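Order as written gives the chain letters A, B, C and D; numbering starts at 1 within each chain.
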Amino acid sequence: MTRLLLRRLRDLLVILVVVGTMMFFVIRLIPGDPALAILGPTARPADVAALRSAMGLDGSLWEQYLSWAGHVLHGDFGSSITYHQPVLGVVLEHIPPTLTLAVLSSVISFLLSVAVTSWYAVSPRNPLARALDRLSALGMAIPDFWISLVLVLVFSVTLRWLPSSGYHSLFTDPVQALPALVLPLVVLVIGQTALFVLTLRESMLGELPLAYLRTARAKGLSESRVMLRHVLPNALMPLITQLGSNFAMLVGGIVIIESIFVIPGLGHLLMGAVSTRDFPLIQGVTLFVALLFVLVNLLVDLSYAAIDPKVRVS
Amino acid sequence: MRRNRTLVLAAGALGLIVLIVLVLPVFLPSVSATDPVHRLLPPSAAHLLGTDSYGRDVASRLVSGGRASLGLSALITVCAAATGLVIGLVSGFFRAADAVLMRVMDAWMSFPAIILAMALAISLGASLWTELIALTVIFTPFTARVIRSRVLAVASRAYIGAARVSGMGRWKTLLVHVFPNVLPLALVQVVVLAAAAMLVDGAMSFLGLGIAPPTPTWGNMIAEGRSYLVTAPWLVVVPGVTIMLCVFLLNLVGSALRQAVDPRARTLHELQRLRTRTT
Amino acid sequence: ATQNSGTDGPPVRGGNLTVAVPTDPQSLDMVANPGQVTAQIGNMMYEKLFEVDRDFTARPMLVDNYTTSQDRLVYTFTLRKDVTFQDGNPLTAADVVASLDRWRKAHRTGQLVSPDIDSITAGDPHTVQLRLKRPRYPIIDELASPGTEIYEAKNLAGLPATGFGQDKAIGTGPYKLKSWDIGQQLVLQRYDGYKSRSEQDWGGQAGAKHAYLDTVTYKVVADQDALVNGLQTGQWDHAMPTNDQYESLKANPAVVVHNLPGGNENVIIPNFTKGSRFADPRARQALNLLLDKPAINAATGGSKDLTIETGAFASPDNKSFYSTAGEDVYRQHDPARAKQLLAEAGVPAGSTVHIVTTNSYPEFGKWAVLLQDELSKIGIQTKIDTYDFATMLGTLTKDPAGWDLTTLFFDSALTSPAQMPALTLGTLNGSSSAELDALLAQFNASTNADQAKSTVDKLQDLTWRQLSVITLSQSRLYAAYSPRLKGYDNFYRIFWNSWLAP
Amino acid sequence: MALLELDRLSVGLVTEHGDRELVHELSLDLAAGRTLCVVGESGSGKTVTALSIIRLLEFVAPVRTSGQIRFDGEDLTGLSPDRMRGYRGRRLGMIFQEALDSLNPAQRVRRQLVECYPRHLREQAEAKARALLTEVGLTDTERVLNLYPHQMSGGMQQRVMIALALMSDPDLLIADEPTTALDVTTQAEILALFDRVRRDHGTACVFITHDMGVAAQVADRIAVLYRGKLVEIGDRDEVLTAPSHPYTRALLACVPQLGVSRREGFPTISEALLDKGEVATETLVLPPHEHPVDGAPLVVDGVSKVYGRSGRSLRAVDEVSLEIAPGEFFGLVGESGSGKTTLGRMISALETPTSGTISFGAHRCTPKGLLGSEREFRRATQLIFQDPQSSLDPRHTAARIIAEPLRELIGLRGSELDSRVTELIAEVGLPADTAGKLPAQLSGGQRQRVSIARAIAAEPSLIVADEPTSALDVSVQGQVMNLLLHLRRTRTLSLLFITHNLSLVLSVADRVGVMYRGELVEVGEPEQIRLAPRHEYTRRLLAANPELPRLPEPGLLNR
């Protein structure tokens, strides 16, 4: 266990270095720079250059990189060019909304997909279970902004049940936070659940013919218990992988959802930073997304070990 | 036998869509001819599916957009599924490769996709090929990870040891014993990828990284129609429903194919059928 | 939607107004950040020596009165005496000098005006002297233009080009910064020490200001759908949605929809740089002949209410700059002739025109598509590259000859040529010319409105002859807001003198 | 009244080409507290019958049943799935044939054992689990409770399976070859346990076995199945001493007995003779040694295997040294969990030893892995896995599985390959239609023979056979043994034959080794082991070997 953790820590560092470095150079490859973005189309090249230098963007790429890397090593992620604030603070401020959405939607989709799939597995003849199972693939094919807008039109604009947008912290202001979270969560959950159901169904089907289920049934366990306690845990691995990857993607940016529901999250921040070419901020966000991503994957790997003893032993 | 009927029906329907998409545009007027006077017309006899904000005929755009959408989605799916499958198989089966490959995948996945796509599109120029490369690059690690997790489970089964005793090489074992066991999962991934590709294409166009306008794709039709969701809902509904239909059909074909490649699934199918009939 | 009439009743003090803005202001320094949102929030916080009224005419604000020397080279401004900054410090001449010096150095308009300025000096704590090298007709208008806000001198010392942070965002206006959650919302709060001018409200940004609202909250809402939905559900009280949304909002009885003065000049910009397909004037003429402007406007304008079919670079509301010169060129439409001219200019059928545009404003992409369609009708092919705004600018400047056309829009309520991108676009597309410079000098040398107006006509005419930009139309802006918002002057995001009906 | 009554039970498999009958009109009954042994040919439908009684077959195969299964007067075939579930566990318990596959690979033993108890009774359940594990001879209860199935030896798995079935004190216990993976001492304990359970709870038992000795020990009545039909049922003594059906008689005649050498071949049942109703056994006459015995010996030198990390480590094999000459038949017996399989896996280089080396000709297995060409090594050495089910790819047909070494190691292709596969299928006594079946569609014995056919296909010079005949009836067992003996006569073939069947190994091996707790405690010739065992454990083994009651002379059988 400790060995795994140590190894992961090493991997984490490697990934952060690689991603940070790649990002540093990649964003500078894309035409356009922050000075130009601020000064606009009629700016004189000299002014652009002056502003650029005031932003610390003169000097060769390597010099810039080394200076940035040096600062990062000392825990200094620089200052956002557009917001004039330390990157760390800006990023930390934008993490909670994204994390709230990502965690909640992942958990809900996970539970929901497990419920739908097991229900169908337990009672394949129930028409509703069957329909849910069959139609789940459609969930993936629904454009998320489309379903968002429809839901907002119905539940916010017409029925006035839920706010059409906004974000409040779940911890400091749960009464306002919950209603505002409902619609974005629903949208995220629809797409993810569809994906999870497909994955899980496939992997559960793979378990069904295995002999250990016979034993479970011979104990007189109910069919639901057989599915939930025996088939499911054994079939969970691909789903958990899927969950991990998806979570990573959510953390990296639910841009559309965040913008439709006006949620100040990381995706929104990143998009904004890209459009203003706020290099330090882009780099900072990227490093944090990578960090979250690796941590999530560590969790995923640990849960592999919890689920499949053979993986743990070897 | 029911299995075959679904397969035939679903595959036939998909085939029909492909055929329409391939053949019909030849007989349709230009998809880029604008006609501002007749913009945002609801579906009517003259314009079966209405017109868009430029006054272009949605039906002909839908049909010709299918070319790019289906073609692109098929290419992306094939490329991403194939590379993901190979990487997943190799890294799940060969411990030594795993450490390296999975870390590469991790780094790859934790790199924000938008920026990756932008960098690619700008360095290579936005085109169908850029989009293909960008989406393949973005989707591959997801497939790879899912496949790998199944490979890990399969690799610990005793019959893998038995294959070794039978003198089968590691690579061949991978192909003969491991691959068929992950194939059903790979088929699911194909459906997932195809759906995602058709939709993401719209987002890419929105970022200016996709197929250049006015060439229609279902994805960018949805993206363009977005601002008219209330006033001209058909602009979004029509391509959206088309995508859903294709995904649904693909899903059907996928599960039917799974039964075809997996003898055990066939038995299961029979079983389910018996169970649903008796009692 | 009901129109806001004069029957708003007596003002009510208190309450919070929530306003949706499309982006975070990012910086509250109006010199370092010329962005729209920054300007609109800044106008609530800061004040200039002069401010524009509803007709975009400059009126004194921090200046009590001023005198002009006979030779029109020396302006002496007497400042109002009772004005204090939001941190309690009194406004002094030193503050004005420091602020204007920075404007000359760091702001685009200031830089353009600067060569004419000899010095800006403080006489006594309440007088400021501006000496010019040569007479400059629009100088008062320019002192009412964005970038000339008066900040405290102590806050400006040693500032980097990137501007000041929110701790120094202190002005003399009726509202001051209360809180700012980056990317999320910004809250302004009434500045209780504000001393209003005594005049009747001149409208616009000028005249008496009464802060009835306790707070004004600016919410960052980038997404258009979210903007409209939130407006309908009462998440915010005021928004300026895109023109696409106009008709449906107008039909909605729960919101008030009203036009704003001024608007945008929508332009197609041909590249003059050698190597571009439009370097040859005939090619530009051809382009103008080709474009079916009414059709393009119909397909992109959102509503007839919002489109003014004019080739002018200023809005009709901007009386001193609105000119109908060159209107005949604007209205020309002859695709056949266009084809012929293009061929003469070395752009035969079958060539490819490279359009670089951005998706940051939906209209741009649409113009590009329509343009493409019209070009294709005369056998010219097009390659459209659509990028986000920053990338587009980067692409345009990185390879000055690598593009043929681009699309932009400009504010049409600007009050001097130095502020007008349409006239200062030379850095972007290489359209500067001696003739233009001479006309600009001529304008600055005007002594009265009539003279100035006749130069404006020449400038407008020159634009249509050179075709440094091809104007498609003017779009009017509009605000959509809750019927509870009373006393609102329908002037952008100016909310003093406004209140919320209980 | 009988507790269990089968009334003309038929089980048919639904296939695309109509139904195929697996069990035909089976009628029998069993009173409470009694034990019915079911013996019979491998693949004759014993497991199918057992699974039909508890109605678990319908979950894994599309079947149609007709006839009645009356349990306590209630016809089980007509029950709703819910009501049927109520019978399972508490009233009907089952021990499955292949233990490894029948345990959930992802759950610890503890969880699997206590699962059928409601939550508030968990402590009670755990106490009971401990007691049962001790009773089945897994005295190291704490460790065992915390193991996952793949961490246990075959015997341990089987005992856990037994404990599992006994957890809820069923009224009827269906035990499908419950002791095949157990050494005879442990088997004796288990049989005693069954007896105790039967006395204490009045549990009736359907006991499926291939071991006539075991049947003789536990049965009240014996039923004999042949090709899906019940050919004989009666009291134990009657069936064993005066069998009426020729098949039964032949079966009994094939049972190996201590002290009877079978080195020249085993008797088997000839179907042709059986159909004629004559003496149905025949004994193959092996060809004489017709070739010089050459090749390299297998040398195991001080090999140990330690599982787990320091702290909770386990020495599965402890400093074992051993040499098997070319052509030698080396039998390895020993306590369950004593490290036999582990040793076999190390010899076949599936597992690397923690210390020591194993050399076979030019090949050497060391802690660093296998040195030299793996392909050559595989050609020379083959392994028959202890648990056939999990060692067969569930997606491959029997023919494909058998063809694998032929392709990979010999390079056969096309029709040559097909004909060799067909040959091999016949050689191990499988019906020809086995070729196209998937492992899940085969009986336990059939799977085991597929696994044997795979191992002998490449004509290796060393076979590590890990209990290759445990699931086979005596006749088929004879057939397989004959095959191995035949191979040994025609070529140089060394055998490391791991088994629990003392009678079998002592009647045929050249030398026999006894393992106990990871160590090789005794090696000697069969006669020496049988008559003059040196180690205490060997003596216990011999004492516990179940024997048939003295059989009437063969002549009598032919009457």
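Keep in mind that, in the parts below, contacts are C-beta pairs under 8 Å (C-beta built on N, C-alpha and C of every residue); 3 or more make two chains touch, one makes a residue touch a chain.
This one's a predicted model, so the numbers in the text were calculated from it and none came from an experiment.
Asks: Kindly work out which chain lies most centrally, taking the average of its C-alpha atoms as its position.
Replies: A
Asks: Looking only at C-beta pairs in contact, point me to the busier pair out of A-C and B-D.
Replies: A-C
Asks: Return the distance between the CA-based centres of chain A and chain C, expressed in whole Å.
Replies: Averaging C-alpha atoms per chain gives centres 39 Å apart.
Asks: If you average the Cα atoms of chain B and of chain D to get two centres, how far apart are those centres in Å?
Replies: Chain B and chain D have C-alpha centres separated by 48 Å.
Asks: I'd like to verify one number: the distance from the centre of chain C to the centre of chain D, where each centre is the average of its C-alpha atoms, in whole angstrom.
Replies: Distance between chain centres, rounded to whole Å: 89 Å.
Asks: Give, as an integer number of Å, the spacing between the C-alpha centres of chain C and chain B.
Replies: Centre-to-centre distance between chain B and chain C: 45 Å.
Asks: Which chain C residues touch at least two other chains?
Replies: Counting only residues that touch two or more other chains, chain C contributes 225, 387-388, 391.
Asks: Any chance you could list the residues of chain D touching two or more other chains?
Replies: As it turns out, chain D has residues touching two or more other chains at 59-60, 81, 150, 394, 440.
Asks: Please output the residue numbers of chain A that touch at least 2 other chains, ranges allowed.
Replies: Chain A, residues with two or more chain partners: 30-31, 145, 149, 153, 209, 274, 308, 310.
Asks: Would you tell me which residues of chain B are touching chain D in their complex?
Replies: 156-159, 161-169, 172, 177, 180-181, 262-264, 267, 270-271, 273-275, 279
Asks: How about chain C: which of its residues touch chain B in the complex?
Replies: Within the complex, chain C contacts chain B at residues 224-225, 242, 244-245, 247-248, 295-296, 298-300, 358-359, 362, 365-366, 368-370, 372-373, 376, 383-388, 391.
Asks: Quick one: in the complex, what on chain C touches chain A?
Replies: Those in contact with chain A are residues 23-24, 26-27, 32-35, 108, 111, 160-166, 181-184, 219-223, 225-226, 229-230, 232-233, 235, 360, 387-398, 408, 421, 424-425, 427-428.
Asks: What does chain B use to touch chain A in their complex?
Replies: Touch list, chain B to chain A: 103, 106-107, 109-116, 118-119, 122-123, 141-142, 145-146, 148-150, 152-153, 156, 181, 184-185, 187-188, 191-192, 195-196, 198-199, 202-203, 222, 226, 229-230, 236, 240, 243-244, 246-248, 251, 258, 264-265, 267-268, 272, 275-276.
Asks: Spell out the part of chain B that touches chain C in their complex, as residue ranges.
Replies: 32-34, 36-37, 39, 53-55, 118, 122, 126, 206-208, 212-214, 226-231
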